[in-house]
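Note sheet for the following structure.
Read from first to last, the chains carry the letters A, B, C, D and E; within each, the first residue is number 1.
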Amino acid sequence: GKKSAESAAGSSKASSTKITVQLDWFPEPEHGGLFQAQAKGWFREAGLEVTLVPGGPNALVNQRVGTGQAQIGQGESVTTLLDTHKGLPLLQVAAVFQNDPSVFLLHAENPVRDFKDLNGRKIMARPGWVFLDYLRQKYAIDFTIIPFNFSVSNFIADKDFIQQGFYIAEPYFITQGGAPAPRYLYAWDAGYDSYGVLIANSEWAKNNPAALRAFLAAYVRGWDDYLHGDPAPAHAAMKAANDKNTDGFLEFSRRMIIEEKLVVGRDAADSARIGRLDPARYARQIQIIEDLKLAPAGALKVEAVMSTDYLPSAK
Amino acid sequence: MNSRALRWLLPLVLAAVLLAGWQVLHHSLPPTRRFLLPSLPQLAEAFRVHGAALLVAARYTALAALGGFALAAVVAAFFSLLLASSGLVRATLYPYLMGLQMVPVIIIAPILILWVGPGAPSVILVTFLITFFPLVVNTTQGLLSVDRAHVDLFRMGRAARWQELLLLRAPAALPYFFTGLRIAAILAPIGALTADYLVGSSSGGRSGLGITALLFSARNEIPALYATALVGCLLGFALVAAVSGLSWLVLNRWHDSYSPSDK
Amino acid sequence: MNSRALRWLLPLVLAAVLLAGWQVLHHSLPPTRRFLLPSLPQLAEAFRVHGAALLVAARYTALAALGGFALAAVVAAFFSLLLASSGLVRATLYPYLMGLQMVPVIIIAPILILWVGPGAPSVILVTFLITFFPLVVNTTQGLLSVDRAHVDLFRMGRAARWQELLLLRAPAALPYFFTGLRIAAILAPIGALTADYLVGSSSGGRSGLGITALLFSARNEIPALYATALVGCLLGFALVAAVSGLSWLVLNRWHDSYSPSDK
Amino acid sequence: MVTAATATPTTAIRLENVSKSFFASATPILAPLSLNVEAGEFVAILGPSGCGKSTLLRLLSGLATSSTGEIAVDGHPPGQGDDLAYVFQDATLLPWLNVAANVETLLRLRHVPADERARRRDAALALVRLSDRAGAYPRQLSGGQRMRVSLARALATEPRVLLLDEPFGALDEMTRDRLGEELLAIRERQRWTALFVTHSVAEAVFLASRVLVLAARPGRVAHDLRIDLPYPRNHDTRRDPAYLRLVAEVSARLRAVDPEAAAA
Amino acid sequence: MVTAATATPTTAIRLENVSKSFFASATPILAPLSLNVEAGEFVAILGPSGCGKSTLLRLLSGLATSSTGEIAVDGHPPGQGDDLAYVFQDATLLPWLNVAANVETLLRLRHVPADERARRRDAALALVRLSDRAGAYPRQLSGGQRMRVSLARALATEPRVLLLDEPFGALDEMTRDRLGEELLAIRERQRWTALFVTHSVAEAVFLASRVLVLAARPGRVAHDLRIDLPYPRNHDTRRDPAYLRLVAEVSARLRAVDPEAAAA
């Protein structure tokens, strides 16, 4: 690990530090901070040469960061905890979303009103999503899982369909497809409050603290500007990287991120501190993993899996 | 004697060499990447831990594979006979059958889920789609490749079309059919696994190998993922062995591929 | 004359009937589901809007398909000769080649991405893996199915092993090889599309048909999704046509599958 | 057992100006050729290798179509009549069937009931002396045995017109002579019309009521000779001076035809 | 052109107690059989269909292995010597090669240089009178033409031991006689030792320096006859009373052997 992390960092000492960021999906507003910072040149200003690598269904963010093929990646916190437990050298260094926007989408008239009602239902979701295990355990229910295929067609065509979705994206395509806006069941309402996070290779982070700090500072500035300023530079870059992005979609998704306070957090007190991570929430997430017997008690330590050291300090 | 002993020994030696090579490769990888190629003890451990679950999943996938395979064999035999029955039918139908094979499963997955429903029926259907075409191509080619002199015999005997097809072309095409069957046998379990991955369903903690693989993959349980792939391979080998046995039974008495090299 | 006209007419008539049926089906669906089976004008519109993008993606996927196909043809020819060269080699190697085919692409996709990296090399490799085996099975079967009397001729002529293999078995296996090639030609574009879906890369905003399909699917652009699948099919047909032409060139003068039914 | 066909001889095979070329441009394989064969005739065909004998039989059986001219076999266009059997120059046994099943093949095509099929198969196998090899597969037979199975297969159909392309070519003289005599005996019972290609003048004269000597390039009938030896013929016929004279005469005619073939 | 081999005759083919059974239990196809053929001899083999003639040639060529006994061909175990050619009972032409390429096949296996190969191919094709069909594919040939190509293929190799299994079976008498004479002429030049299976007694006596008459069940040498007619033999030989007497004698011997075969 050391060797590859060093070579990744060392190869660029000459001029500016090269950083590869592995995205979890094709470029979309969920990557708004990154693209805005990139488009405005703030990474370059900080002496960083940043490459944003589009993801997809097989983005393998944690594996690519863990093996040093990328230095930083965007992902989800509980899954990342599991991968850290499996031995990947990962460190969660900043929040993207204070709440992971993965929710269940339902039609308005669907009789399911609560998680308990999911018992015996069919749900399209990623079978590996820890939240599913969490629901089964917490409510003592079971349901049938259909593998997630990244499409909303079944949802539009079938009034009884329930599926996992990023609620800052799918609802747009659902309404565009002629169906009424869906209802959501939020994971955090069940007590499952995972983050959308930035993950760094921990060895690289240890060896390049300055670069990481500079990166996160530009990143936070990027989000702030994307949310409160003119998103046009980021959107132009997103369209260049993915020509299927339409203005309507980009605008919708950004609006959802703003309205749902995903980046700033629903906790008004801290809303200026974009990217903040709360160790107490990590302790709860580790507890969830231990309760589900996905890792033995004590195997995961909060200090080892996340760090707020690299974030810009609170004003 | 000697050569017969070799025939058993050499594959075993190669297996040992490959396993040793695997183990060496594992240890020669940088530690951060070692997880990509689990060591043999890790694999064994994965089998120990997940063996029971894999067995359940394998049974489910094996049934789907067999279902799709059997369906493909029957339907392919039928369509091949139809295609071989006349050039006109061939020109008319072949492109659509090809088209059927060329529909990407990943694209029709939502439609299958909606119209056929997730789970076994869709998995069997996808397995069928994947295994069907090699069978049709091979069998049709076999039906067309029949010895000209034998066709003349049947024409002289004023055989009806169907007689020529069933009594001459069908048996003559058997070696081709079995070749197709062997390909289909290899494709069926992996096709069923893939189908399960795309249009399967899991409930009560029971699922096929595809969803199991998806789960292991999401949890980064690489040794278990390899174990899952291995179980898929074993299913494939079992099916191939069955087909080869059947092929020998049917063909050995007359086909040149089974004639002893010296008598 | 009449039958020749039919040969052109019937496929066209069937095509017209199927298209009309499609259109009728579209309109007979409940409005909420109609989008799953876009009407022909919607399809045409999708081609108009996304045609340019599809062309770029198709070129990318076509290159990957051709690369994987060519690689498979060459490697399969080599391995088939190796396998046919002795029963010992066959017993030793065949299981591993089968194993190669039976490794589920969806399982090795992550491993490929981590080792080879996402993008063209991985896509070509996966296409190779998908198309390779039908070629090996067919060609090997062809090499083994050679007429016993011809083997005797070569043995009598004290042919070296390689002479028997290259001068007798190889040409005799051509009909089988071309059958395999035809299957591979059908599998290659759809394999490349699937591979692109699994291990492709969209860096630089350029991607193949697989990622294009994925994006259209995620965005519920169903007509565009169908258009993408159709483009994949067209690639397949083009490749099959090329293989069939080549097969005719090589075989028509001597092989019974091309002998006219009456002269 | 005497049928109407023998009582009032009718035309079994008629060719009028029949020619055959494989390519429109090339010299024809068969020149325009006219021929009438009465029902019940036994016609032997002699001629140099490659002169078109097999082609002629293929035209009559409907397996090849003539380039010009008209053909009628047993009152039908070629390939349309129901009662023709053709023993090919090669045995063309189906490798996946054993000897017994091969002999039954043509009967099966005609939906002959199983017991009748078994009866005829056994009779035909006994005739070619291969009853004890009924269970063998073609690849376990000698060349001559294979040809005999092929002959048995044709005879079992009890046809009205029988085309034979060197059926005895791969057989020793004893077997040949014996089978020739058997063939004549069967003919007494089954009363088919036969066209029999052979390279043995003695055999032609012994069997046939008429001998055609073909010349090559293009194939044509050079001589059409009546063999006026009385049937039944048997061992004694072979020593009959009239027979020997005819053999010598046909040989001479054939020899006279040959120089043209030698140019081929 | 006279080589040492003719000056001091040596043993070209030697069989000692050779037998062959296809299944351990069954009656053997060939009974224990011992035989010596001197270099330069021309041995004709006669015998009823299925008596084991082809099997004998297959044993000598190494294509089949004997169940018991010892075989040496040209001083080597069967299948090990370099200078043997075998004309099979069937033509076994490669369908994907034209006539010319088929004739060259065996030369190619022996790495004969291209120009020498072309020379020998043309000579061999001229011999069997198929020069004008050099570009044709096997399926465009008549049965007899195919056998002639097969013969040309073997002769082009200029072997030391030549095994021929009814090479003239599918040919008319003229072609047969002519090819027989050509064969003897070539033998003068190439001086091989020949084993020649035929069903024609006249042909056997005309060609051979020695005639073996095989009996069936099990295959064995019933008669071993020396043919003391002087070489070169030609048209006149066929009218030589000594020749005619020998033909009659061999015929009688063969006929005497037959009843046993008839039981088969």
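Keep this in mind: contacts are C-beta pairs under 8 Å (C-beta built on N, C-alpha and C of every residue); 3 or more make two chains touch, one makes a residue touch a chain.
Fair warning: this is a prediction, and the values are worked out from it, not measured in the lab.
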{"item": "Touch-network distance, chain A to chain C, counted in steps", "value": "1"}
{"item": "Where chain B and chain E overlap in contact partners, by chain label", "value": "C, D"}
{"item": "Interface ranked first by C-beta contact pairs", "value": "B-C"}
{"item": "Chain D and chain E, separation of their C-alpha mean positions in angstrom", "value": "28"}
{"item": "For chain C paired with chain E, centre-to-centre distance based on mean C-alpha positions, whole Å", "value": "50"}
{"item": "Euclidean distance of C-alpha centroids - chain A vs chain E, Å", "value": "85"}
{"item": "Of all residues in chain A, the ones touching two or more other chains", "value": "63, 67, 149, 151, 153, 157"}
{"item": "Of all residues in chain D, the ones touching two or more other chains", "value": "22, 63, 90, 139"}
{"item": "Of all residues in chain B, the ones touching two or more other chains", "value": "33, 36, 106, 110-111, 114, 147-148, 197, 210, 217, 255, 259"}
{"item": "Residues on chain C engaged by chain B in the complex (per definition of touch)", "value": "3, 6-7, 10-11, 14, 18, 33, 36, 87-88, 91-93, 95-96, 98-99, 101-108, 110-111, 114-115, 133-134, 137-138, 141, 144-148, 151, 175-176, 179, 182-183, 186-187, 189-190, 193-194, 197, 210, 213-214, 217, 225, 228-229, 232-233, 236-237, 240, 255-257, 259, 261"}
{"item": "Chain E to chain D touching residues, read off their complex", "value": "22, 46-50, 53-55, 89-90, 129, 132, 140-145, 148, 165-166, 169-176, 178, 199-201, 251, 254-255, 258, 261-262, 264"}
{"item": "Partner chain D, residues of chain B touching it in the complex", "value": "147, 149-150, 152-160, 163, 167-168, 171-172, 174, 253-255, 259"}
{"item": "Residues of chain B touching chain A in the complex", "value": "30-33, 35-36, 106, 109-111, 113-114, 118-119, 197-205, 207, 210-211, 214-221"}
{"item": "Chain C contact footprint on chain A (complex, rising order)", "value": "26, 53-54, 56-58, 60, 63-64, 67, 69, 149-153, 156-157, 173-174, 176-179, 240-244, 249"}
